[in-house]
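My questions all concern the structure below.
A, B and C are the chain letters, set down in written order, and residue numbers restart from 1 in every chain.
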Amino acid sequence: MKLLKQLCEVHAPSGNEGPMKDFLLRYIQKEKKKWKNAPEIFHGDEFQDCIILKFGKPRTAIFAHMDSIGFTVRYQNQLLPIGSPDPEVGTILVGHDSKGLIECTLDFDRDNHAFYKFGRTIDRGTELTYKVNFRNGKQFIESAYLDDRLGIYNALRVAETLKDGVIVFSCWEEHGGGAVPYLAKFIYENWKVRQALISDITWVSDGVEHGKGVAISMRDRNIPRRSFVNKIIAIAKKRKVRFQLEVEGMGSSDGRELQTSPYPFDWCFVGAPEQYAHTPHEKVHKDDIDAMIELYQWLMKDL
Amino acid sequence: MKLLKQLCEVHAPSGNEGPMKDFLLRYIQKEKKKWKNAPEIFHGDEFQDCIILKFGKPRTAIFAHMDSIGFTVRYQNQLLPIGSPDPEVGTILVGHDSKGLIECTLDFDRDNHAFYKFGRTIDRGTELTYKVNFRNGKQFIESAYLDDRLGIYNALRVAETLKDGVIVFSCWEEHGGGAVPYLAKFIYENWKVRQALISDITWVSDGVEHGKGVAISMRDRNIPRRSFVNKIIAIAKKRKVRFQLEVEGMGSSDGRELQTSPYPFDWCFVGAPEQYAHTPHEKVHKDDIDAMIELYQWLMKDL
Amino acid sequence: MKLLKQLCEVHAPSGNEGPMKDFLLRYIQKEKKKWKNAPEIFHGDEFQDCIILKFGKPRTAIFAHMDSIGFTVRYQNQLLPIGSPDPEVGTILVGHDSKGLIECTLDFDRDNHAFYKFGRTIDRGTELTYKVNFRNGKQFIESAYLDDRLGIYNALRVAETLKDGVIVFSCWEEHGGGAVPYLAKFIYENWKVRQALISDITWVSDGVEHGKGVAISMRDRNIPRRSFVNKIIAIAKKRKVRFQLEVEGMGSSDGRELQTSPYPFDWCFVGAPEQYAHTPHEKVHKDDIDAMIELYQWLMKDL
């Protein structure tokens, strides 16, 4: 879980994923020698801060987003949300600006507008993220940013033995998207890949529980093609991986952008459930992480 | 009207349009021998559950959506909307799951959340649609799902004599879309077609009445290019087809996705008005259906 | 400022940008002989009512939108907004329909629905815009439609000396967009251009003031890539152009559509701030206009 802890600690709010790109490129360069198959690595200006790994003859792509929620410093001591953070008063936020490192405290005014408390003014436009407190317990992992560093962790674990497939590390997922359409274009036009698995974290709810297995989401705000979801459920059953079916009316993911892109992608969200989403204390059961990795390994073979 | 009745009875909520695809492919294979010109038929995995018919040297495409509104079974007896259904308490919903056929009753709790009443639990993710009661009266057709089975019916009637044109049967229109961008890409890149007519059903309102002709929509939530709408109005006048001008600030259609796609489509919504939209009792005047078919026949020639 | 006045007076609400296209094509044909470098001009049906100017070997594109807010006549005396107009009761609206020129008065009913007062009925679908009262003061310009005729004016002033670059005049920006995706496709596929500056007008706020320089927007509802914004700020500093940093959580621009297009565009909104946005009395400081033009000239060289 050292890798997961490192991933959680990278400062990469939506729009500023550069530090995560750098971390991942270093990690992949170093680790790929141990992987069963070496991927082709695509990155650079044509991909902004995204990364694509291509293994063998791909049929299916895994999408994991690199960005996190957070705050942007506006004027005076005001903060604007990046994505939909859900923290308490007193949460510690970190970042840096022209004057150095920042560790400040979050507060809200009567109208529920966020602002910071700090000994000095912070530069306009500075991004602040939660101070990460990674807790590796017996049954649970608790940390800020398991959404979606756990999705990245899953993809990197699957990469170790992957034969055929694409892994995509995307940007801006928490704040309206923007990278998935051109990433979809690239993998569809180059390799005709049009099956996608969204490696992301979902919610513990009145139908999805901790420790009952990875969630296969039949829908959220968007509805994927039923025949593709059915295939995934059938593989999970055949391979005897522990899973739960999720059915939601809200929430979305990189799947939304695949759905509306001008490429005929089938997609399905497959991920561990978490409690306390978008707080500094996201909490995921370790058995669900194991089931997630196991199911992805089978899906990349069987789909 | 036997065909229209059959179309209304196909179970094909957004995301599960497979049954409508199968129905249409069978119908087209059988009927195309009687059509004046045989179309090329495009379908298969690259089109998900969509179908494209290409006649002659096309300049204009007709878009009709295959999907309908409905409900998805969530947890316990909860229902989530697919699109924006607008039914009453007691409406009968049908579907099927691993345990067999379902015919259950819709109810709402105090917070206006939908749930079902049925003698047993229904599988998670099961889609339910209105039980169809098709009524062919003297002046009016009343049925669930005239939106947009009437749009499909119109397209199939126009197909009988069509010389040059494309007919597109699309998916997901009722629930956020997703197919139109790649369909637009295909017909634009292959045949340079960038004129589109949205064969769909609109609303009787304080400006659009039953029996006064097909509605040409000057705008809804989206605004099509004025010069294209003007051409359509001019053709309707020249050809002396009965029509009404619609001007709305809400509602959208496959036209929205053409508008925002990376292809320079001009589009206009042209369709019969209906009362009781998205209920099981959608009601359309037969004269307006006739005017719709007639106007489409002229538009496909004159545009 | 004669050109700016003329631009403000063109009637071109979203969806009906034809008159602005005609004005600009005439202007460009006439003026380009005086420009340092002659551009290639792209327009016609494949571009709907948009225009693209290509100078030399472009690396960066300027986007300025041609459309304005306004109203569409619905039924009876009702008006529907085009975009988000923000006028007072009594505002004079102009347009024309089949019966001739219109100059009517705006009113609101108790539910804040807009309607017109005029001696006769106005044709359905007629677009009305503010009557323009252009005031060229000592320090300030005041007029309807500085948003975004000032953005166009800036682009045309930059065109006078531009060596390498693209200038794009887009449509529908005020009402949901629709042209930018295919414009982005064209300039990316033909010239690999994927840097964009949004030449548009922003708001005077509690952090951005009249006369303090052009605003470089670090974010609005959308978040551009931080590394690109940083480059622009660095150029403004190096070239000693007066600028202000904007940080907002609302508002959007052609940048939103570049962000979500299937092309990897970096974009940044750079424009003068105005007071009384979307009223007939938009007000911009002349020094900020000068700073805007100056910064664009440098950016097109240095980026």
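The rule is short, and it goes like this: contacts are C-beta pairs under 8 Å (C-beta built on N, C-alpha and C of every residue); 3 or more make two chains touch, one makes a residue touch a chain.
A quick note: this is a predicted structure, and the numbers were derived from the prediction, not measured.
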Chains in simultaneous contact with chain B and chain C:
A
Nearest 5 degrees, what's the C-alpha rotation angle taking chain A to chain C?
120
Inter-centroid spacing, chain B versus chain A (mean Cα positions, whole Å)
36
In chain B, which residues are in touch with two or more of the other chains?
261-263
Considering only the defined contacts, which chain C positions touch chain B in the complex?
14-16, 18, 45-49, 72-76, 80-82, 124-125, 127, 172, 175-179, 181-182, 184-185, 257, 261-263
Residues on chain B engaged by chain C in the complex (per definition of touch)
194, 205-207, 218-219, 221-227, 229, 245, 247-249, 259-264, 266
